[in-house]
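For reference, chains read A, B, C, D, E and F in written order, and residue numbers begin at 1 within each chain.
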Amino acid sequence: MFLSMATWPEIAQRLQDGKRGIIIPIGSHEQHGPTGLIGTDALCPDIIAREAEKQDDLLLAPPFSIGMAQHHMAFPGSMTLRPSTMIAAIVDWTASLTRAGFDRLYWINGHGGNVATIQAAFAETYAPYSLRGEAAPFAHMLKNWWELPQIERICLDFFPVGHGSHATASEVAVTYWAYPERASLGNVTLNPKIAPNGPIRDAADYRGRFPDGRIGSDPTQATAEIGGKIVSAAAKALITDANQFFAETHG
Amino acid sequence: MFLSMATWPEIAQRLQDGKRGIIIPIGSHEQHGPTGLIGTDALCPDIIAREAEKQDDLLLAPPFSIGMAQHHMAFPGSMTLRPSTMIAAIVDWTASLTRAGFDRLYWINGHGGNVATIQAAFAETYAPYSLRGEAAPFAHMLKNWWELPQIERICLDFFPVGHGSHATASEVAVTYWAYPERASLGNVTLNPKIAPNGPIRDAADYRGRFPDGRIGSDPTQATAEIGGKIVSAAAKALITDANQFFAETHG
Amino acid sequence: MFLSMATWPEIAQRLQDGKRGIIIPIGSHEQHGPTGLIGTDALCPDIIAREAEKQDDLLLAPPFSIGMAQHHMAFPGSMTLRPSTMIAAIVDWTASLTRAGFDRLYWINGHGGNVATIQAAFAETYAPYSLRGEAAPFAHMLKNWWELPQIERICLDFFPVGHGSHATASEVAVTYWAYPERASLGNVTLNPKIAPNGPIRDAADYRGRFPDGRIGSDPTQATAEIGGKIVSAAAKALITDANQFFAETHG
Amino acid sequence: MFLSMATWPEIAQRLQDGKRGIIIPIGSHEQHGPTGLIGTDALCPDIIAREAEKQDDLLLAPPFSIGMAQHHMAFPGSMTLRPSTMIAAIVDWTASLTRAGFDRLYWINGHGGNVATIQAAFAETYAPYSLRGEAAPFAHMLKNWWELPQIERICLDFFPVGHGSHATASEVAVTYWAYPERASLGNVTLNPKIAPNGPIRDAADYRGRFPDGRIGSDPTQATAEIGGKIVSAAAKALITDANQFFAETHG
Amino acid sequence: MFLSMATWPEIAQRLQDGKRGIIIPIGSHEQHGPTGLIGTDALCPDIIAREAEKQDDLLLAPPFSIGMAQHHMAFPGSMTLRPSTMIAAIVDWTASLTRAGFDRLYWINGHGGNVATIQAAFAETYAPYSLRGEAAPFAHMLKNWWELPQIERICLDFFPVGHGSHATASEVAVTYWAYPERASLGNVTLNPKIAPNGPIRDAADYRGRFPDGRIGSDPTQATAEIGGKIVSAAAKALITDANQFFAETHG
Amino acid sequence: MFLSMATWPEIAQRLQDGKRGIIIPIGSHEQHGPTGLIGTDALCPDIIAREAEKQDDLLLAPPFSIGMAQHHMAFPGSMTLRPSTMIAAIVDWTASLTRAGFDRLYWINGHGGNVATIQAAFAETYAPYSLRGEAAPFAHMLKNWWELPQIERICLDFFPVGHGSHATASEVAVTYWAYPERASLGNVTLNPKIAPNGPIRDAADYRGRFPDGRIGSDPTQATAEIGGKIVSAAAKALITDANQFFAETHG
């Protein structure tokens, strides 16, 4: 079930039935090297969550699709929220969803650069309750899709060399599976074959270190077929992981 | 062309070719009465923009899909940004896109409740330049899709009675065309047939005045077929309107 | 009755008598072309409200006199709040007045450029209630003085050509009536007689398009005499309109 | 000369003539005991500045009329900005005026409760320059009107007993002089004759300590006649003090 | 007792015993001329408070050690919070301490430049209560250490000439007493012997007026011995002053 | 060398000598179970950095001692900044230090709960440069002291069972070494011996899950002697790690 595609009485009924958990795909729009889509990090969690939704009675929020990507801004097409803006937005999403009665917010994330800001935002949503001495009427869970149970191992099995940490072979494969018309982007040879590694700082520094945008990866290994296998496994893992969180009682 | 589905070198090339305009669908997720989708206001501009993109060389940004909908919060499933948050987000989207080199940002909007905040946000993006005495290197255009040339008249021709101002017959029709599997939602009789009118204030006041969420509308008149005609006309109007803006020289 | 000129026991008494509505003149300080006063948009609603106060038992707040005028900043003497600042200020004015017990805030506005920000601010004041699931204990009404019932028609009857949209003939007339010692400013010929029209963006763009500051107007038509007639009609309209709002019950 | 009543070419000319100083009356709207006007602290600096303007070539900005008065909020009619809002507003006023070319901003203040926030705001306007290593192109001066040279002594000579620190005999006298129709408010006996003293904290605490709003004062001593003498002396002192500041060269 | 060095059950016990007052040393890190330590303004209140703690049952919070020092930023090593940041931080400190149950917060300050911002911050903490019509469950007291009863007189007795107002002889003496290994810094001759006086504005202006950082002082007079005497007197005064505040009942 | 204890000419000299790196201890004040000090997370990095400073020519900033600890607020004595406040403060620290000429900021952290907010703050400091297309003139490094090379292994060697993740045996040992007068706090038996594990959310949830404050630890194993060994190893590791960062050239 998709929040976007539901009516309000359908959502009211669902909440009345005690289904108070919701899954929120969260990602980013930023360069993903010469062969990856700018939307990769927003698309991956959405693709996986949609696959999961086909198999189980889950509710999906609209994707939070622009994230914290200041370090990618030297590559055209990248978009970013400042961390302070992203925190404010997550505070408002949380207030909206908990106002309706949702009490378990499961954020399935596609962008490593979002993690710190999302966790800071969670703390920002809890803080008013913690400072007033009240129990927060909701709980957050953040999960990077590649950290769903078993998934990192599966990805590395497919791509033991050059999986990388940005524009990874596996995330590019996931998007090629979902959008096969773009899979031919991978029919090139990149130079160097495997991108360098290094620290992440501001955008100018980033472009100096990683001239074509990749970090540590050879995404030309990505195929739609492998992407499909990753999506299939990740969707199953997401169903289990999210339902476990939704079933959890408050501490 | 979709920013989400492009690579950064493709965007770099497009900018180098002098195509510095971008279309940003902007909407909201909020109740749309018993027969309308929560995502209606985000879906409509996206549907129309996608139709336009099929017919012309336009670039579409990812949709800005959660807007200012505080007045709808008494209906579950509604989401809102506070105006101050939405302004901060639009400031960041603008900074990101203009950093890349886009200089004409055309926002095609699907939610009347967004208008004030979007225009305030535009002023917020211009203000630092205006206060420093520099020319802003970009210009915004905001257009509600129903105010594209001729479109309001077309909508009222289809629905001369009970078009309304929230959960309108025409916006519901647009979504039924795009998602025909949901068109059967309209096979009901609403009571009253045409919803009341009134002022918009806080959420409790809204629900008191408009118990099922609609304002002034009878959206059961909506059909996928009419929706298709509206989309077709609106897409053409959007192409003309946006290109005119992109061709404009700065004042 | 003027809040400025009252004592707190007088205000306490008024509230105890059930008179819980207040009128707040809101405007801006910005260039109004070669023949208009910088304070025009702050002065007009104040002049009209003061005239109304002579004829009816109304309470007037001090004027909110600096507004959102970033686009005028290339003309010396113009002042602006950023939209985010203006929202914060309106939030505080609202909190102050509703703390005292006022529950109907009628904002009579003199500056078109304020409208979006004021409406965003209203939403900002309602949002905490809407997100907490409480009814807001107050309601706002925004009315541009030239949109008071009949007034636009009256203005256009006086100035069928060259009324314009900034530094309008009617607003300049209103100030000449109130400050006749400045009416001689209009004894000039402007070139062009009627100023051009166009979109409003940042300040540099504005000055490029509208070199002497006017938009679409020939304010040399303004006379104190016509101004007086407009004030007289607008004051009457304001009395009716505000009292209707004050008498309204919450939805 | 009043900014409100000037045209932009007049202001442009003034700046071109090298007159780059401006006087900004700043005050507050808050209870002033049973016999004082809510607008007292906004009115006093404006009254004095207008008197000064009659005698010298000074430029007056519109008054900044709502200040920091959180401690008065238990008395109806009081209004306040939170300090953070007031800082944002002063930042914008400063940016606006310095954008035009003013480089000496003289703030004549009527409300002790404003002082800390105004000085914090000054630092907020200087900080970006100080952190970037640039010289700020402007300087602020804050002066409470009762601290103009000699004025405090004059006030205490008139009211050696019960001058007080809120709703003072001298500020009430100034308003009675300017608005003699309200001078009869003072024809009462207050109990206690001289109000108590004490610390200032939140509004509930304030009302507990100072039940009728006054601190340390017996404002029934105020007369319009004394008020006129204070205004006359203060206006002269303001002329000297402001011009000295305007003539000062930057450090 | 030091909050830093206590366990939470010890603090819980202390609060249960009714000891609900806490002392917070607050200062700044900024240049203090050629012979003074950058930490002077943070160190002095901490030194005095620690001395007091040895003699009485006081609880000391960790020092708030970076303050508002934008005007010193042209001297390397200086650090500042913008006033808006410092207000946000004091709001959070206050919320944290009052959440635990402390209801008397005594801020012993070492930096004149902090005063305005601290007082604005106090108002910011009170304002939500004042605007909601609730009594704030806490009270603040701000005391500059040199304004503790008798201390200013003592300092001026030691340094009748060239005490100054920044990098004062007495504050430098206090640090020399606590850190005698740095007392030899004073074995120089400064030129001019006594630094000039003047207004405080932005950092570039400051450095122009006060080239070596001092204002009005000859800190070479400072000795560890005098410093010890000042600390001894100030610690006693602090004990009396703080306990008087802690014993005070709410208004 | 300590910034607090230096004069500005000493810092100016150091920067002129090309030593542009600085170490900033950053921690938190929050409950650390029945046997740990509230200041533990602020004290540990400071203790280690001070030990390192004895052995190498390092410059230490004053500690950033209050962090993000909203989840601990149900235990008296805990203090927190909201993430948004902490970001603003780190932005100002960064602006201050880079204004002076420092270009390598090494943050040695003692509190896991700070990590997300600190990294979000780093992004906030880089973002203006990244969005303007300029290279940031500085780089940050964040290192948790227990993640210095080898240190985690050393800690787990000392405490193979019940090291835990909050109020850990090793951090408590570090504080006992530095403050042996408090080491007797560990002479108790806790129940359960090893605290439970679980997720971290708001403060009420936290206290429900972890009734005495510890997570996963048995800190009664801590001794001053072991603490000394950890400090010694960590100080050496810090020297190497920080100097490596300071020597690094920008990407």
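The working rule: contacts are C-beta pairs under 8 Å (C-beta built on N, C-alpha and C of every residue); 3 or more make two chains touch, one makes a residue touch a chain.
Remember, predicted model here, so these are calculated numbers, not experimental data.
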>> Give me the step distance from chain A to chain C, shortest route via touching chains only.
In response: 1
>> I'd like the angle of the rotation relating chain A and chain D after CA superposition, in degrees, nearest 5.
In response: 180
> In terms of residue-numbered contact pairs, which of A-C, A-F or A-B coincides with D-E for over half of them?
Replying inline: A-F
> How far is the middle of chain B from the middle of chain C, if each middle is the mean of its Cα atoms, in Å?
Replying inline: 29
>> So the centre of each chain is just the mean of its C-alpha atoms; given that, what is the distance between chain D and chain F in Å?
In response: 47
> For chain C and chain D, what's the span in angstrom between their mean Cα positions?
Replying inline: 25
> What residues in chain E touch two or more of the other chains?
Replying inline: 73, 80, 82, 84, 88, 96, 99, 130-131, 133
> Chain pairs in touch?
Replying inline: A-B, A-C, A-E, A-F, B-C, B-D, B-F, C-D, C-E, D-E, D-F, E-F
> For chain A, which residues count as touching chain B in their complex?
Replying inline: 2-12, 15, 29, 31-39, 42-43, 61-63, 65-66, 73, 75-82, 84-85, 88-89, 91-93, 96-97, 99-101, 179, 182, 185, 213
> If you look only at chain A, which of its residues touch chain E in the complex?
Replying inline: 130-133
> Okay, in this complex, where on chain B does chain F touch?
Replying inline: 95-96, 99
> Can you list the residues on chain B that touch chain C in the complex?
Replying inline: 68, 70-71, 73-74, 80, 82-84, 87-88, 113, 115-124, 126-127, 129-131, 133-136, 139-141, 198-199, 201-206, 208-209, 250-251
